[in-house]
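Take a look at the structure below.
A, B, C and D label the chains in the order they appear, each numbered from 1.
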Amino acid sequence: MSFDINKIRSDFPILKRKINGSSFIYFDNAATSQKPNIVIDSISDYYKNYNSNIHRGVHTISQEATDAYENARAKVQKHFNVLNSHEIIFTSGTTHSINLVANGFQDLLCDKDEIIISGLEHHSNIVPWQMMSEKNGAKIKIIPINENGELDMKIYDNILNSRTKLVFVNHVSNALGIINPIKTIIEKAHKVNAAVLIDGAQACAHFKTDLQELNADFYTTSAHKLCGPTGIGMLYGKEKWLKKLPPYQGGGEMISDVTFEKTTYAELPHKFEAGTPNVSGAIAFGVALDYLNGIGFENICEYESSLLKYATEKLKLVPNLKIYGESINKTSVISFNIEGIHAYDIGALLDKFGIAVRTGQHCAQPIMDHFGISGTVRVSLSFYNTKKEIDSLYNSLKQTISMLS
Amino acid sequence: MSFDINKIRSDFPILKRKINGSSFIYFDNAATSQKPNIVIDSISDYYKNYNSNIHRGVHTISQEATDAYENARAKVQKHFNVLNSHEIIFTSGTTHSINLVANGFQDLLCDKDEIIISGLEHHSNIVPWQMMSEKNGAKIKIIPINENGELDMKIYDNILNSRTKLVFVNHVSNALGIINPIKTIIEKAHKVNAAVLIDGAQACAHFKTDLQELNADFYTTSAHKLCGPTGIGMLYGKEKWLKKLPPYQGGGEMISDVTFEKTTYAELPHKFEAGTPNVSGAIAFGVALDYLNGIGFENICEYESSLLKYATEKLKLVPNLKIYGESINKTSVISFNIEGIHAYDIGALLDKFGIAVRTGQHCAQPIMDHFGISGTVRVSLSFYNTKKEIDSLYNSLKQTISMLS
Amino acid sequence: MKIKEIQDEIVEEFSHFEDWKEKYEYLIELGNSIELIDKQNKIDSNLIKGCQSKLWLYAELQNDKIIYTADSEAIITKGIAAILLRVFSNQTAKDILNSDIKYIEAIGLKEHLSPTRANGLVSMIRQIKYYALALNTN
Amino acid sequence: MKIKEIQDEIVEEFSHFEDWKEKYEYLIELGNSIELIDKQNKIDSNLIKGCQSKLWLYAELQNDKIIYTADSEAIITKGIAAILLRVFSNQTAKDILNSDIKYIEAIGLKEHLSPTRANGLVSMIRQIKYYALALNTN
C-alpha cells in the first residue's frame, strides 16, 4: 500500500480546524492522538444501532454488542500476536492496567523482594509501585539514565539479582521519545526469574509489537494514544500470571458464584473485568487498530522516521535550542528548551500561531530533575503530520523567540 | 413542559430498529439505557473538534477539552445538588466507584469493626466488601429481605451498633426495582457514627436525588444507566471522607510531586482521578443529565409510574404469572416468572418477537436464593417506552407461553 | 445412519418451515423428545458452562459408539441439545471427531453459534468433541 | 488612582492593538516591568498553585494600602501578573474586595479566566483577594 498523506489527513476531521485564524497544527500526539472518522463513526453506530449491556443478555442487541466487544478483544489479540484471547484484559487505560498488576503483586511480594523501575518512567508507572511498596515492603530500585536520556544498562545488570521479582520499564519514554532496550531487559530479568511489565502507552501508535516474540509477562496500552477513544485500554498478561494475580475490582461479570458466605471468581478474562465495561470504547479501539493496520505500520514507521529526522534537523537550526534525549533509538518526540526562555512562554505563543505542543514536565518529574530543568517543550509527531507543518513550527518558533527575547 | 412521547422517541435512533422483522421494543433499561442523538452527537463533536488530553495543556484545544470536562463535573454537581465540585469524582462506573471506597476503607477498618450490607444488593456491591473484609477482617452483616423483597428494617435496627462503621445499600434494587428507605437508613446509621454509601445506579435514571438533603456520605452511579455512554460514572463523597480515604490508583493527574523517594498526592478531585480520564465520556454524561433535566424528572416520574402501573396490571392478567418484589415503593421494574416455564425460554422467544427483556439472576444471586428460584424475567421500563409496547409484550408473552406449554 | 446423512435429514426437515415460529415450535417438540440423562448423572460435574439455564451432558461408550444424553431446565436449550444429540449420539468417536457442524447454519440457527450465546450451544459442541476425544478407542 | 480608573486606562491601552501579536508583545513588556518580589519572600509558601511556571505572590500593608509584588519563571505569566498588580497594588483592602475583574474580559484575555488555565490567573486573583481579606484593617 502506498502512503497517501492527503487521503490520511482527510480521515481526521479535527485537522480542518482553525485556531486563532491559523490552520490548526497538532504536535501533542504523545498526550493523545486524534481520531479518524471511521473510529468516531463506530461509536455513533454502536449507540444508534446495537447499544446494550453485554454477556448476560439473551436478546438480539445484547448478543450483537457482546459479539462486537469480544471481536474487539480478538482484534487486539491478533494485533499483538497474543496466544489466547483471554490474556487480553480490557481496562480503562494504561494507568488502570498498571494499577491492576501492582495491586495484584501487593499480595505476592514481601519485604525481602525487590522490584526495578526505570528512571524514564511516566508517573503512572512509578506511583502504583510506591503505593504497593508501602503495603508489602518490597524495595524499589531504579535504573538511572545517562546524559542522552538512555537507561544505564550496566547499573541494570548490577541491581538485578535473585531477589528481583519484577521489572517495570516503558517501551518508549513519553517525555523524551526514547525506545528502551526492552528485549534485553526482559531476557536478563527472566534469567533471575523476575517478571517484566512493559508500559507500551507511547509505543503502540508508532510500531507493532509481537508479544509472543517479545516474551514480556505483562504489556499495557491506552487506546486514546493510538487513534482510539478515551476510557479504554488493555492489559496483556501471560495466562500463568493472570491466574496467579488476585482480582482487582469486585463486581458483576467477574464472579461465577456469589453468596454472602463465599464468592468464586469467574475465569479469565472476566475475573479482571468487573462491572459494565466500556463497550463502545472497546469496539472503537478495535476499529482504530484496523485503521492503523490498514495504513500499515511499516508505512507509518517509515514516514514518521523521515518526519522526525526532518524536524530534528530543522529545530537544530534554531539558535540556543537544546534537545533532551538525543538517542538514535527514538520515536516521534522532540523535547527541547531554548536557553533563557521558559517552556510555558513558548507553548503559549505557539498556541497563538495555531500550533499545539505540550510544555511542562510531561508527568515525568524524575527525568526533569535528572536534567535539572523544570520542564521542556515537547513536539510529538504522528503519521498525519507533514513537513509543511514542521516548517510552520520552525517559522513560528523563530517569531516566538524574537518576541520573547 | 409537556411530555411529548413522540418527540422523545424520535430522539432515540435505536428505537427505529427492526428485530426479526418486528419493531424493536426495548425493555432492558435496567441493564443499560438507550442514548438520545444529542448525547451521541456530543461524543462525535468532541472527537471532531476539540479532542485533547486535559489539565496539563496550555494549547487551545487542551483548554477547551479541560473546560468541557470540568463543566461536566459542574453539571453533575448541580444535578445532585452537591456542595463542592471536588466532591464529584469521575470514575469508569458504579463498580469502580464502589471499589474505590472499599479499597479506601481497607486501611480504615480493622477486625473489630462491622459493616452492614443489604440483602438486595447487586454483586458490585457485595464482592468489593468481601474482598475488603478478607484483608482487614471487618465483619459483614446483612439486612435480610422479606417475602415482598423489602428490607427488614427491624433486623437493621438490631444489627446496627457502635461497631458498625459503614452501611451499604442500593437506592433502588436492580433485580426487583424496589426503592429502599435510604433516608431512614442513613439517619439511623449516622446516630452510631457509621458512614453510608448509597449505590444509585438504578435510581438515577428515574428520579433526581438531592445529596445534601439525603445526607449520604457516598453516592455512586453509572452514566450508561441514565442515557449517557459506557465507561464513565461518578462517585460522590463528602469532602471529609474523600480527604480521609487514601488514593485508589496511582498515576498521572493524582500527584502533586513525584520523586523516587516520596510522592505527595494532588488535591481533590484529582487525587482519585489517576491517568487520562474518559474525557468524551464525562462530557456526554453531562449532556445526558441536561437532556433528562430538559424533559424534567417530575414528568419522567409521572409517566413512568403510569407505565409501571399499566404494565403490572396487564401482566397480572397472564395466568400463572408471579411477580417478585411487590412493594408499593418501586421504580420501573417488573421481575416475574411463569409457573413451569424457565425464564430463559421466555426471553429467547420474546426476542424473536423483537422484544428485549433480561432473564437470569440479574447479578443478584442472593436475592434469587432468597426466593428459591434460579432467575426471573425482568421487564424494565423507561420514559421512552409506551403502553402500546406493553400491549405488544402482553400479546407476545401469551403466544410465547402457548408455544412453551 | 452416518452423521452426514442425519444432518442432511435435519436440514431437509427444517427447510419446510416458513417462519421462526414453526421452527421454534419444532425445536420445542424436539426438546421434549430428547433422551434424558440418567438421574445419577445429572450432577454438577456434568454441567455445561456458559449457559443461562442449567444444562447437563453425559456420554458413555456402548459397543464402540458414544451415547450422549442431556437435560436442561429450559426447553429451547433442550431442543438445541436434541438436534446435536440426534446427530452425534450413537456414532463412533472417530466419526464424531471428523464431523463438522455446518448443518446448524443451514437450518438457520447460525445466530446460536456465537461463543457468547447464553444457551451454551458452542460449549456443548466443544464438550461433545472432548468426550469423543476421551472415549476414542482407536 | 482608583481601581476602576486604572482598569479603564488599561482597557483603553489594549484597545489600540490590532492583533494578538501586539497584545502579547505588550504583555511581555509589562512582564519585564513588574515590581519584583523581594528575594527573601520568593519562597515556596508564596507560590501560587495551578500554574505551570512557578509564580510567587507576596503582599504587605503600607499605610493602609496593600502592596503586592510577584515574580514568575515565565514572562507571559509575569505580564499577566503585572496587569493585575497595576490595578490592585497600592489600594485599600476594602477597595480590592469591592472590585471586579471585568476588565480582563474587556482587554481580550477572557480565555485566561478559565479556572483550569495553566497560567494561574484565576488562582492569582483569588490569592489577591485572600490577602485583602487577611490584611483588611477596617
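Things worth noting here:
Everything below uses one rule, namely that contacts are C-beta pairs under 8 Å (C-beta built on N, C-alpha and C of every residue); 3 or more make two chains touch, one makes a residue touch a chain.
Because the structure is predicted, anything quoted here is derived from the model rather than measured.
Touch-path distance (fewest steps) from chain A to chain C is 1. Comparing the chain pairs B-D and A-D, the larger number of C-beta pairs in contact belongs to A-D.
Taking the mean Cα position of each chain as its centre, C sits at the greatest distance from chain A.
Mean C-alpha positions place chain A and chain B at a centre distance of 31 Å. Centre to centre, using the average C-alpha position, chain B and chain D are separated by 45 Å.
Our note on geometry: chain A versus chain D, Cα centroid distance of 39 Å, whole angstroms.
The centroid of the Cα atoms in chain C and the matching centroid in chain D are 78 Å apart.
Residues of chain B in contact with at least two other chains: 20, 56-58, 60, 344, 348, 359-360. In chain D, the residues touching two or more other chains are 52, 118-119. Pairs of chains meeting the touch criterion: A-B, A-C, A-D, B-C, B-D. Here chain B touches chain A in the complex through residues 13-14, 17, 19-20, 24, 26, 28, 31-32, 34-35, 39-41, 43-44, 47-53, 56-62, 92-96, 98-99, 102, 117, 122-124, 126-131, 140, 142, 222, 224, 229-232, 247-252, 254-255, 257-260, 263, 274-281, 344, 347-348, 350-351, 355-360, 363, 365-366, 369, going by the rule given at the top. Put simply, chain D touches chain A in their complex at residues 20-21, 24-25, 28, 52-54, 73-77, 118-119.
Against chain D, the residues of chain B that register as touching in their complex are 54-58, 60, 63, 66-67, 70.
Those residues of chain D that touch chain B in the complex are listed here as 52, 111, 114-119. On the side of chain A, the complex with chain D involves touching residues 20, 341-345, 348-349, 352, 359-360, 374-375, 403-404.
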